[in-house]
Amino acid sequence: MTAATPLLSTRGLTRRFGGLTAVDGVDFDLVPGEVRALIGPNGAGKTTFVSMLIGRIAPTSGTIALGGRDITRLPAHARVARGMAYTFQVTSVFQRLTVAENVALALRRSERHERAVQAQAAAVLARVGLEAQGGATAGALSYGHQRLLEVAMGLAQSPRVLILDEPTQGLSDGEIAAFNALVRSLVPETTVLLIEHNMAVVMALATRITVLNAGAVLAEGAPEAIRADARVQAAYLGTD
Amino acid sequence: MEFGPHLMLALIEGAVLSAVLALMAAGLSLVFGVMRVVNVAHGEFYMLGAVIAWFVAAGTGGGPAPAFVAALVIAPLAVGTLAALADGLILKRIAYDPERTIVATIGLLYILQQATLMTFGPEARPVAPPFNMRIALPWLARGDEGWGLVWPWGLSVTTYKLFVIAAAAVVLVLVRRGLTHTRAGLLMRATQIDRETAQAFGIPVGRVYALTFGLGAGLAALAGVLIVPVQQAHYLMGGDALLLSIIVVIIGGLGSLAGTIAAAVLIGMSEGIISVFFSPTLAKIVATLLVAFVLVFRPQGLFGQRPR
Amino acid sequence: MSERGRVILLHGGLLAVLLALNWVLPDYHRGNLARIMVLAVYAMGYNLLFGYTGLLSLGHALFFAAGMYGLALPMQHLGLSVAPAFLAALAAGAAAGLGVGLLALRTTGVAFMIVTLMFAQAGYLTILLAGAWTRGDEGFTIPQAARRIAGIDLTQPAARYAAAWALFAVALAALLWIVRHRTGRVLVAIRENEDRARLLGYDTHGFKLLATVLSATYSAAGGAAFALLFGYAGASFATVQYSILPLLWVLLGGAGTVIGPFVGTLFMFYLIDWAADVTPAYMLLAGLALILLTLFLPLGIMGLVRRRLGWLP
């Protein structure tokens, strides 16, 4: 296996809340072009870990680096500007604005010309299958479509790293299939980090899986190896 | 008068102010604690207490004492009822949204203030205290034979002012016991701690809110009745009172009656002292900036807990 | 017609009508409308922070007064002429906005409202304390001879109206440009969902600070123009009432719309003007209006119009 410079890495990343250690000294490397799934039981620290990656929570100790440069002290908006994108676990779009405006806002950080913004917004919406909904109010969309809008807003930023926090929750089977196809089309230009509970999605998309349990990395490797791992089965998957 | 007795006089005046302020601030703190809204019209409830006291005194014969007792009962009840009505008609309809509540209570402020201007008029009018004996106070001074008590001219307090301090203390104790020992108080504290859970337990949150808002207004009106024999009743007297109450509530920290009282004593005393020795305008500037900086840098106040 | 065309037609048309009225209106109404246009600039400044960014300040009188005294004091005590004094006023407003913003933006919601209120109160009290220069509540007048620019006597009704119109036109055009382009869009995003806006890569604190400084500068421009055109500076313009009025005007006219503030100012000005003839308690109407607006008409007049005309900025 060729050694690629990690795109996103952490060393000893820790977060404590009073007496509770939610994330415990995690070393993590995300390689360019991969689809990494982060799985584990509830309370394993997945969302806390990812919140520290994107900058919503400050770590108690440890470091985070993006493209080799230390971003531990960098505020969230600056990390996004450096090429990270994040979709919320609980859908957080601009409810009262139109679908097109939601995507346009994601584009305007880097694109200055309004006509280009409008054109690119339409293209992004078409890519996720929402091109017919451009003029609709975001809050009026179905839950599944709002999730897709979130993903569209992430795509619009052309990020280096796209972090998806339980993106398929609440989606129908057909929507999940479309989502899988979309993610596959993103790599290798975009690297994807995916928190997921839906093991079918994980197996279909992931090139590598990291298993988190009680705040620490329990196992890490190729999907088949993880599925066969006895410790992972005991902690999370259950035996077949 | 020398410095010592002068300071003591300032402290006594400050104590009276603190007492009245504590009542007003307790009312404001209660409303914010239980309902999570800031009532900008709180000062006007205080003003209404004073104005209604004047009307009651003007309307009843039989001397200042019975008129005062009548006012003590009528004004808080009337103002409390008015407040409960405002809660039901306005605040409930806007679902206690913080921003809209501030706008609505600003509107209420102007309505109450201007309606008073139209009926009561722009002048300040006095109300006679029910009793007003002057008590000369001693001061320790070094004389020819060593230390002894002297009675400096001008160093005195009136029985009424002592009564105000005592009355405020009694009412606050009653309020505290009411909150901790009655069912209504329990419902209020439960709603303050966790509104959703309280509702889930079947507590009539709407009625608790109306009661709380009325009680808060009643306390302010009571403060107004108590102070009016000392100051005069004037339609603009709510403004300063509101400002000072906000200062006390913020510095004392929310959810802490003890903190509110401590802050009221602190603010009342320092207001008194600074006003006597420096310019009252400067005192107010210091006070307003203090509130701003406390909110910016230490939002839990000096005594409160950090918000969850 | 394109959306851009409609926007230009509407706002350009309004400006053209207002300009033409200079030759049509009788003196009394012409003076009123000049006042309204200047106060509308104040309201537009308030709207930028409240309607577009979603921050409710209760202390904007501080910025209005910064402009008023920022112009009047140098003219009175330093003999400055109109143009540099106006620039000084704008600088004073921007500085006040920056100072208040850096502190107050560390709080949110109700705390933000109280902090802004407190700073404005402190400002008012400082004006009183500095009575030796400011003449406190009584205020002072700026002599007629000083109120000239480029040889034009601004105390003459026609010139005064034209000057008010010019300021209003520039302010309106600038506001229209801001809200229709990137900055305005980001401010709206911050209002709608600040967390999301931040995670789209926008420095939301920086944008809020920018909005505060712009808002303060607009308000100061209104205050300076008021002192210049009507020849008076007084502490009453720094009181709480003058912080509440722009909120009222914007709520009535339509928060988050460009011409809403003007509509609200126009309406309330005449309503209060009429009421003041009837009773000294005319602010009762203001109080009633605030309650009715927040209960039944939270969108305001132009906000309702925008429901039908979606392109209204």
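Per-chain numbering from 1; labels A, B and C assigned in written order.
In this text, contacts are C-beta pairs under 8 Å (C-beta built on N, C-alpha and C of every residue); 3 or more make two chains touch, one makes a residue touch a chain.
Note that the structure is a prediction, hence the values are computed from the model and not measured.
Student: Counting only C-alpha atoms to place each centre, which chain is farthest from chain C?
Tutor: Max centre-to-centre separation from chain C belongs to A.
Student: If you average the Cα atoms of each chain, whose average lands nearest the overall Cα average?
Tutor: C
Student: If you average the CA atoms of chain A and of chain C, how far apart do the two points sit, in angstrom?
Tutor: Centre separation, chain A to chain C: 44 Å.
Student: Quick one: report the Å distance separating chain A from chain B, using the average Cα coordinate of each chain.
Tutor: Chain A and chain B have C-alpha centres separated by 54 Å.
Student: Roughly how many whole angstrom separate the Cα centroids of chain B and chain C?
Tutor: 35
Student: What part of chain B is in contact with chain C in the complex they form?
Tutor: Chain B residues touching chain C: 38, 90, 93-94, 98-100, 102-104, 106-111, 113-115, 117-118, 122, 239, 243, 246, 250, 279, 281-282, 284-285, 288-289, 291-293, 295-297, 299.
Student: For a test of understanding, state which residues of chain A touch chain C in their complex under the given definition.
Tutor: Touching chain C from chain A are residues 54, 56, 75-78, 80-81, 86, 88, 92-97, 101, 104-106, 108-109, 112, 114, 153, 157.
Student: Using the touch definition from the top, list the residues of chain C that touch chain B in their complex.
Tutor: 56, 58, 103-104, 106-107, 109-111, 113-115, 118-119, 121-122, 125-126, 128-129, 240, 244, 247, 251, 279-284, 286-291, 293-295, 298
Student: In the complex formed with chain A, which residues of chain C make contact?
Tutor: Residues in contact with chain A: 181-182, 185-186, 188-189, 192-193, 195-204.
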